[in-house]
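Attaching a single structure in structure tokens format; questions to follow.
By letter and in written order, the chains are A, B and C; residue numbering begins at 1 in each of them.
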Amino acid sequence: MSIGAYEPVIGLEIHVQLRTQTKMFCGCPLSFGDPPNVHTCSVCLGLPGSLPVVNARAVHFGVMIGLALGSEIAERSLFHRKNYFYPDLPKGYQISQYDVPLCRGGRLGEVRIHRVHLEEDAAKLNHLGESGRIHGSDRSWVDFNRGGTPLVEIVTEPDIRSAEQAREWLTLLRTTLKTLGVSDVDMSQGSLRCDANVSVRPAGSAELGTKTELKNMNSFRFLERGVKAEIERQVRLLESGEPVVQETLHFDPASARLTPLRSKEEAHDYRYFPEPDLVPLVVTAEMRAAAGAEIPELPAERAGRFERELGLSADRARDFARRAELGDYFERALAEAGGPVAGDGAKGADGAPRAVDPVELANWIPQLVERIGSETDPADSKVAPRSLATLAAMVKAKEVSRDAARDVLTRLVQEGGDPRAVVEREGLGALGGEDQLVDVVDRAIASDPAAAEQVRAGNMKAIGPLVGYVMRETKGRADGKEVARLIRERVGAKS
Amino acid sequence: MSGELLELTAAAAGERVRAGELDPHELFEAYRERAAADDLGAFTWVADAPPATVPGDRPLAGVPLAVKDLFCTEGVPSQAGSRILEGYRPPYTATVVAKLADAGAPLLGKTNQDEFAMGSSNENSGFGPVLNPWDRGRVPGGSSGGSAAAVAAGLAPWAIGTDTGGSIRQPAALCGIVGLKPTYGACSRYGMIAFASSLDQAGPLTRDVTDAALLLRHMVGHDPCDSTSVEFPGEIATPRAEHLRGMRLGVPEELTAAGAGVEPGVRDSFEATLALAEELGAVVQQCRLPHAAHGLSAYYLIAPAEASANLARFDGVRYGLRADGDADLITMYSRTRAAGFGAEVKRRIMLGTYALSSGYYEAYYGSAQKVRTKISQDFNAAFEQFDFIVTPTSPWTAFELGAKTDDPLAMYLNDFCTVPMPLAGIPAISIPSGLANGLPVGFQLAGPAFSESRLLDAAYALEQAIGFDGRPARR
Amino acid sequence: MLDRDQVLHVARLARLELTDDEVERMAIELSNVLDHIERISELDLSGVPPTSHVLDVVGALRPDEPAPCLSPEAALASAPEPLEGGFGVPSPAT
């Protein structure tokens, strides 16, 4: 199978639960793990005679999202009824938006936005039976607490070209929405849900292949795996001369299998028509301004600021902006950098001398992430931001070697605490100067005269074992570069 | 209680209560007894006792009110005339009913109706037909047949119903009483079991125009629970006009011309009323509503389409009838709805579903919404020249039970004079204009949006001049 | 105009089980009604905007403030099959 001959074309359809106090069309509070049916009313139960009324704050959040994504906000949009029967849909239709949505167009990073609209969430259908899954259970029951929760649906253009990119971009979207404060965007809790439309085409072709819809991927990892599996499946099909059939697929991560979720007979005819119980939704200039005023610094801006004002590389800046927990930790560490640690004289944007060099500090964050795992928020680790800043400053000031600092970080991750104390306790401080080292260097040379002779002759590759000897003897406290320089000097190497 | 007191209009009874001459408790009990003895099928539920306190000191003076079955009344059966909701007791009360109770009109009983307000004869009820008190072999009209019959037969002093395509005005006409459909949005729809959301309006059915105005005054108003409700501009005035000088009445040829299908007796009564209007000083002229003739087509696409969605919630999951609960889900849905809905409701659900379905939307529902625009434009243009548009309310008097049940289309044709107004969202009132072959005839006036006060005033003047004092024989 | 298959398709969309007799009658009755309604296709409706809302009102919004809920007992009071604190139904097939 040669995936390279084919180009994946991926679009995402994201549903975001909004952090309003109440539901989209009624005043019931939103629920989190409450007993069933404690937050219902005539409206969200679909009782006869009930009528929906739009939640102003949900609209506000919708406009904020549209503005943050650079979309065009419709001054006037309509709600529509999307008609189908299912137990989690009390009215037998969902109130959503159809051909006159709240927002059109936009862009986030390298992916264009197709549309953004408001709608209500379905209720929760639970299943009795052995495995708790649909197959093999006889009865199900509905909990309407979730029904009516405000949702924003974001649909992208099919601009994504790999499963990895899908995951990365979704991370950026998540950070953006989290920054806006409009949602908890927690995939494990269902406040962020993502379906993918996947097709492939011969590389270089401009036509789109048949797409399939992937549902039920409830983590970033599953999204990436699911999309990857589907790309492979489609390529295998096409390579064996078979067509891709348009269908909806459910990804089961345990088995890495894709199963059709809906058979063709049940293809829905949603019979959309404008919701007669709601009047057109108007977004006034005041509403736009109010939404815009509440938008804080978004990832793109933050990345720019990291680059410009703190000197981070473009890639590092982007990474810290997209993964907000890293950016947040970084900025906190900078702010809390305490103590009269000698810096390199670099000044901050406000002209005040920095206690820690941002670039040096930035280097240590990936080191931290490596040790705690990429799924953990650094803020939840035992390494206080202030501690990491201190460690970075110490390295920059050559108070501790880079190698030794790595060791210190490992200990901080395990035990927490202050890096200075760890260095002192473990005796990991950098060796003061040449005098301390000369002794050890001489012993290294004496231990391996052959290597020493090579180095004297100008063969730098041979220096490895000698440096290694010194590092071991000094428990890594020496600075590698300094050791190599000293060895060359002591053997009288030809430069 | 003397029979004479039961002949009083609601307003008159109210005055007696306020004057201390009439005990509202006794008034309620007298009506309650009559309603409980109802043999017209007009009531589906009657209060089994007067309320603990009957509010004689409120504006409506404790005069009891009959309420169409589809208004949710907390703890009291609210079935919209359907078996699928048999015995259903909602946990809340419709805004309009609550407002009226608050204003002093306690709930006397729930009245029978065509199932989910679909019908023009009250023969589509899941709980039996309603009989016309003028002739028990004939229909009272629909869908608010129970409310109309109750008021006409003196079983209730006044009632409320709903009008989507004529369901207040037409039964009012067939029963010889007053019925008014307000401007769309004037009354809250919250708690009204929905038929067609963009057309439904609550309104009064009363013995005279004064009562209609009094009741309407306490029904209108913006409701935060209904996004489509608005604040009514000004207060509904007490009608007192004694003439129609300066009024211009337009008679649309499309609805009243010789070939339109109006029965001779109805036509005679209509023309006599026009002559009376002229005597009162009105100028009566022909007008044009070019698209009014297509009102029925537009109505019978829009209303069933909206209804097909509104009735999707009746699925046996959360309330109401459930059939075959042990079958698979789709079978449970399909059999529940088959068992619970009557033939007319099924027909309209099918029609509506079809009109919205993929490939047919533009030709049917989409086009109907455009026809609706044209009809609104027609009325707007007409109202630049005329104060009110007048027509017979119904093309014929009360027909016999069973006469039109074999042909749905024939039944739909009942509505051609009444459907254009809800399509345009404008108010219209029907007042009795006389008898034809011993059966009541209704005269309809329609006005621009929010013209209710002027409409009632004009209707009042005509009513006084007509002097209709017909009552079906009291039993 | 409306054949048996179309009637069955629409009945399925509407979740209405019809007897054979009803299917036959429905085909005729609906066809008759549609024949009459078809007249609107004679009209020139080009350029006419549809009326989705007859009221000239926009933007009815509600402040994001909690309102009283029904108790679970009240919510389930009319449930045909109360189950586990929720509304019991046959499990959907997939």
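The criterion applied here is as follows: contacts are C-beta pairs under 8 Å (C-beta built on N, C-alpha and C of every residue); 3 or more make two chains touch, one makes a residue touch a chain.
None of the values given here were measured: they were computed from a predicted structure.
When the C-beta pairs in contact are tallied for A-B and for A-C, the bigger tally goes to A-C. Here C is the chain whose Cα centre lies closest to the centre of all protein Cα atoms.
As a whole-number value, the distance joining the C-alpha centres of subunit B and subunit C reads 23 Å. With centres set at the average Cα position, the gap from subunit A to subunit B is 59 Å.
Rounded to a whole number, the gap between the C-alpha centres of subunit A and subunit C is 41 angstrom. Along subunit B, residues 88, 91, 198, 224, 227-228, 308, 312, 315, 317-319, 329-330, 333, 353, 357 each make contact with two or more other chains.
Looking at subunit A, residues 42, 45, 53-54, 85, 87, 142, 269, 271, 273, 276, 278-279 sit in touch with two or more other chains.
Those residues of subunit C in touch with two or more other chains are numbered 13, 15, 52-53, 55, 57, 60, 62, 70, 87, 89-93. Residue ranges of subunit C in contact with subunit A, taken from their complex: 13, 15, 52-53, 55, 57-72, 75-76, 83-94. Every residue of subunit A that touches subunit C in the complex is listed here, in rising order: 20-22, 26-29, 35-42, 45, 53-59, 76, 78, 85-87, 125-129, 134-135, 137-144, 261-262, 269, 271, 273-274, 276, 278-282, 284. Interface residues of subunit C, counted against subunit B in their complex, comprise 2, 6-7, 10-11, 13-18, 22, 26, 29-30, 32-34, 36-41, 43, 45, 48-55, 57, 60, 62, 70, 74, 77-81, 87, 89-93. Only residues 88-89, 91, 184-185, 198, 224, 227-228, 230, 291, 294, 296-298, 300-301, 308, 312, 315-322, 325-335, 337-338, 341, 346-347, 349-351, 353-354, 357, 363-364, 366-374, 376, 408-409, 412, 423-425 of subunit B touch subunit C when the two sit together in their complex.
The part of subunit A that touches subunit B in the complex is made up of residues 42, 45-54, 81, 83, 85, 87, 90-93, 142, 269, 271-273, 276-279.
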